[in-house]
């Protein structure tokens, strides 16, 4: 028993005593564990170290896992200094339970209200206080295509409209290639849906359905068309699609076996691994038409409640560093995303990222990912319906009705 | 050494009572055998004495001390089980010394006692073996040795020989008897084998359905069974049972009228004064029927079973079959007609309805 | 005549036994009964990420039973459990019996059959996904050998995908079943075999009529272990199919986990756990009860 | 031996070899994948032998792969895993054996009910119990410590460990226990001197089970062990699991095989405890 007490005591002294290190010590929980992601998180850590802090890294694979560990640690009375969440309503409950420290003075100092896209602000700012530091913007619905496959199928130009996209897919099929490389996992089905909703339905319908949960819009003709287009895309996938990882689908593009994949900008990392570069080996299309929306998804850090002045100092410093322009660019270059602020030097970024940043300059084209408008629960319920529809033959009217029921507040 | 006194004992499981209102005294130094068919409660009673079975009511005193709820180990007993129950991971020596080690005896004392018991049971060569390396008879000897080393006041045996083959059984039976003679310790022995009971016991307790039917010396229980159950349970070949009626003879004495004739009962020691016309069952041990050319009865030999030193004859007597022991190697031919007499001093008479001895 | 033993006059051995079981009692009361009650309470509230004190009656249960995904997951679990348990026991038993025939290389074979048990499904699930994928795996390989007609695409088939989960988990579990049954087999008396040989009973009959009944306790243990594994089935599904195609391989534990973490719906997840627990107990309790009646061996000390 | 037996033996070997092939197929795929370069893996020929053998993935998996800032592969958590696995195997087995022994031989009042409730508890998904357990452990001051994780492993293994031993002991003849009672053995004396030595086969099985379970455990270690004691499976999962990051399948496979080496070694070493004759002929007649 004595021994137990000793161990418990030493654990205690560790957490208490750890603060008096060189600079403010920050333990950060995140889920960036793969090779490219590790390089990205290193830029954040380096920036923090340069600012005089000590970064203690706690990497835990998979977002759900990392977030639940953060929540558990908060509950167990041993919170980290900062924890990663998505740019979404995931941490709203934490805010409402008073478990996070606001970082208002950093936000005011840096002028977040002017700096950040409204879509991001709507998540970060709760009742006038700022609770999360956004680090990047991912765009989940890029349309990637293999130049080799296009060439083989005799496709000269990249598609400019949805109809052209379908024509391209038909041509790819005729050439004996897999038209649409898709990983049949629920979250990937959801990405394809989001892409179709944004490009076929348009910004207005997108917001009506996902943000306003407007029953009339959901059961209307326009949304029906969206769902039918979504389902039509399924017919362009191959038999091995269900269950496939996204990077295996990307590999099919890399090998020239498949033509098109709808996937987030992180897919660039997979192309880079295979020594392929944008514009030369593969192309990226953010959307169709001059007004096509740019879907915003991304990562933020929240700062669990603590009264320890050293820890609060670390949290403030961390938040400031994360939004510094240099950090933002360096981070996104490694991560494949784009900075959350548009006032940065983009010259070092790749073709697709520059294309994205150009679109982001137009505020009217900002549009949030589903998670920004829906609770995690609603988003999940929607995913369930979509993935069932994608895989089964269901009447589209039933799907509309199911979605309306799932999104009912 | 100790005696055992059991009074008004009740033992039961959840909803069933196995033993009810049982009284029994085991005298110091006696070899008491609990005999009865399976399910009669004899093992339960033994387990009750050992403390392996919870007692619902009544008392058990061993050596004059109330042990009703005492721990088995505090009862000053040793016990031998049917399946030997040797500790499989321990050598013979450690099997035998286990209880002594538990009690914290000195090493010399343990060695002395184990050696003595091993010698007594011819186990000295086997002390370092594991039970798996022993034959059945050796295992049972170890089990006995394990009880022996404790110098207990009472030894309990739970059908210890029934897992052995016939020859070994006879051999070990004799050893047990010699052991008892040598030690003089109180022993309680459960068996369903009447031969074991007869040969070993100072007294036999015949049990049925949780009750004691009769207690007595082997000779007593054999010769004067208390009731039909006891009569039929003991003896091989089994006792002949013939239905009949009591009648008053011309001289006023009581006689027994059977299918094959009338038997005078002048030699029979009635418990109560007999009444005529009573329906009875005659119990006739095969050896109480004597072949006698001058005998009053006549029957036909229908079967002969030669046993070497004697033969068992089946005789048809007016439609009833009687077994009869015939000493010597010679036996009469089949179908031959014989005359015989009945030794009425050796017979038993039971009421046909109460089945009790008259 | 003595008074019945008073409750405080417990024999020393029994007292020690009671004391020895105290840690167990504490674990059962606090960790198991406590958490079940806690879960039950939460399932009656509107809890999201954190427990809440706002009670909403049976609303979560209503929502649960209107959820097609949940209903499908229960169906899948029943089908899966039946196949997984029976096949694992059958294969495990065959392996144990055959390995018990004094074969050469027993140690190696035992390890070969056991190794899947040591592998976490995080990676082996992926391998199975590849093997079963019609474009990558076995179907492709066999067709390349010239058997063009061979079809093995269960993993992408809505109606057959559960069989692939069964296949992979049987692969993982049956080695352990073998080990447990082998331990059981080897505690059976060798004399049984001598007796049976003398009686001239064919080997297979000895196994079926004599050994199998003697393995009763071991098989019962295996059954319960496999049943708990069934109820907790999660890793294999996540790593092989992510519940797909569509929701076709959805299972309750995954549903609960999704709602517990990803979807921040503690209350619905709790309701799911309660229903799952009650369902399993309703199925298992009569079985266990019958067994305990059958096995009643009188009072032991 | 009669003439039919060789045929039967052929059948036995045929079956065992067939089964072994089935069992080894995934291992084969894992092994060849771990020896290929990613470029080769992208070709999607999972059965093909590596065109160019490379040990790079193995080195990376053991000591190089980055997971966040940490770039030391799975090596880092190895001793943590050992430190968790040993007490989390020994303690549950001892407790399980003691419980099984008390439950099947002594049966104190109420113990059978206790056992029934425990068995019901085996069907609760662990994740559901975590939330309240965190709060209990935090209240005890052992959340995020070695003691805490060992306690949690003990709690979660209790149903299965108790069941294993109880069912094993139920098949031991009662008379053996009775004999020991009369010989004066007390509760612990009978347990340590008689019952535990007879439990070798089941202790083997329990150890296989518990070591595998604890060694491969990820979620409990992640939540309850605390930053300083994270087991190597956390690193393993960090290497393998990612949603939007790139996947290095060769490193994943190598890391998986490396992680499982300890349980595999245990399986192989357990062989001698499976040899016939430990109890044969001793328990019964």
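Chains: A, B, C and D, in written order; residue numbering restarts at 1 for each.
To be clear about the criterion, contacts are C-beta pairs under 8 Å (C-beta built on N, C-alpha and C of every residue); 3 or more make two chains touch, one makes a residue touch a chain.
Everything numeric in this text was worked out from a predicted model, so none of it was measured.
Enquirer: Please flag the chain sitting at the greatest distance from chain D, going by CA centroids.
Expert: Most distant chain from chain D: B.
Enquirer: If you tally contacting C-beta pairs, which comes out ahead, C-D or A-C? Let me know.
Expert: It is C-D, judged by the count of C-beta pairs in contact.
Enquirer: Can you name the chain whose C-alpha mean lies closest to the mean of all the C-alpha atoms?
Expert: C
Enquirer: What whole-number Å value describes the gap between the mean CA coordinates of chain A and chain D?
Expert: Result: the chain centres lie 37 Å from each other.
Enquirer: Compute the distance, rounded to whole Å, between the mean C-alpha positions of chain C and chain D.
Expert: 15
Enquirer: Return the distance between the CA-based centres of chain B and chain C, expressed in whole Å.
Expert: Distance between chain centres: 53 Å.
Enquirer: So which bits of chain D are touching at least two other chains?
Expert: Within chain D, the residues that touch at least two other chains are 44, 131, 178, 181, 186, 237, 240-241, 277, 279-281, 283-285.
Enquirer: At least two other chains touched by the same residue of chain A: list those residues.
Expert: As it turns out, chain A has residues touching two or more other chains at 65, 68, 245.
Enquirer: Please list all residues of chain B that touch 2 or more other chains.
Expert: 52, 71-72
Enquirer: Taking the complex as given, what residues does chain D use to touch chain B?
Expert: Touch list, chain D to chain B: 173, 175-176, 178-186, 189, 193-194, 197-198, 277, 279-285.
Enquirer: Sort out for me which residues of chain C touch chain A in the complex.
Expert: Chain C residues touching chain A: 48-50, 68-69, 126, 129, 133-136, 153, 155-156, 158, 161, 240-248, 258-265, 268.
Enquirer: What residues of chain B sit close enough to touch chain D in their complex?
Expert: Within the complex, chain B contacts chain D at residues 47, 50-52, 71-73, 77-79, 81-90, 98-99, 102-103, 130-132, 136, 143, 146, 150, 158, 163.
Enquirer: What does chain D use to touch chain C in their complex?
Expert: Contact set of chain D toward chain C: 8-9, 12-13, 15-16, 19-20, 22-27, 29-30, 33, 44, 46-47, 95, 98-99, 102-108, 111-112, 114, 116-129, 131-133, 136, 154-155, 158-160, 162-164, 167-168, 170-171, 174, 177-178, 181, 186-188, 201-202, 204-205, 208-209, 212, 215-216, 218, 233, 236-237, 240-241, 249, 252-253, 255-256, 259-260, 263-264, 267-268, 271, 274-281, 283-285.
Enquirer: Quick check on the complex: what are the chain D residues that touch chain A?
Expert: Those residues of chain D that touch chain A are 38-39, 42-44, 65-71, 130-131, 134-135, 137-138, 141-147, 219, 222-223, 226-228, 234, 237-248.
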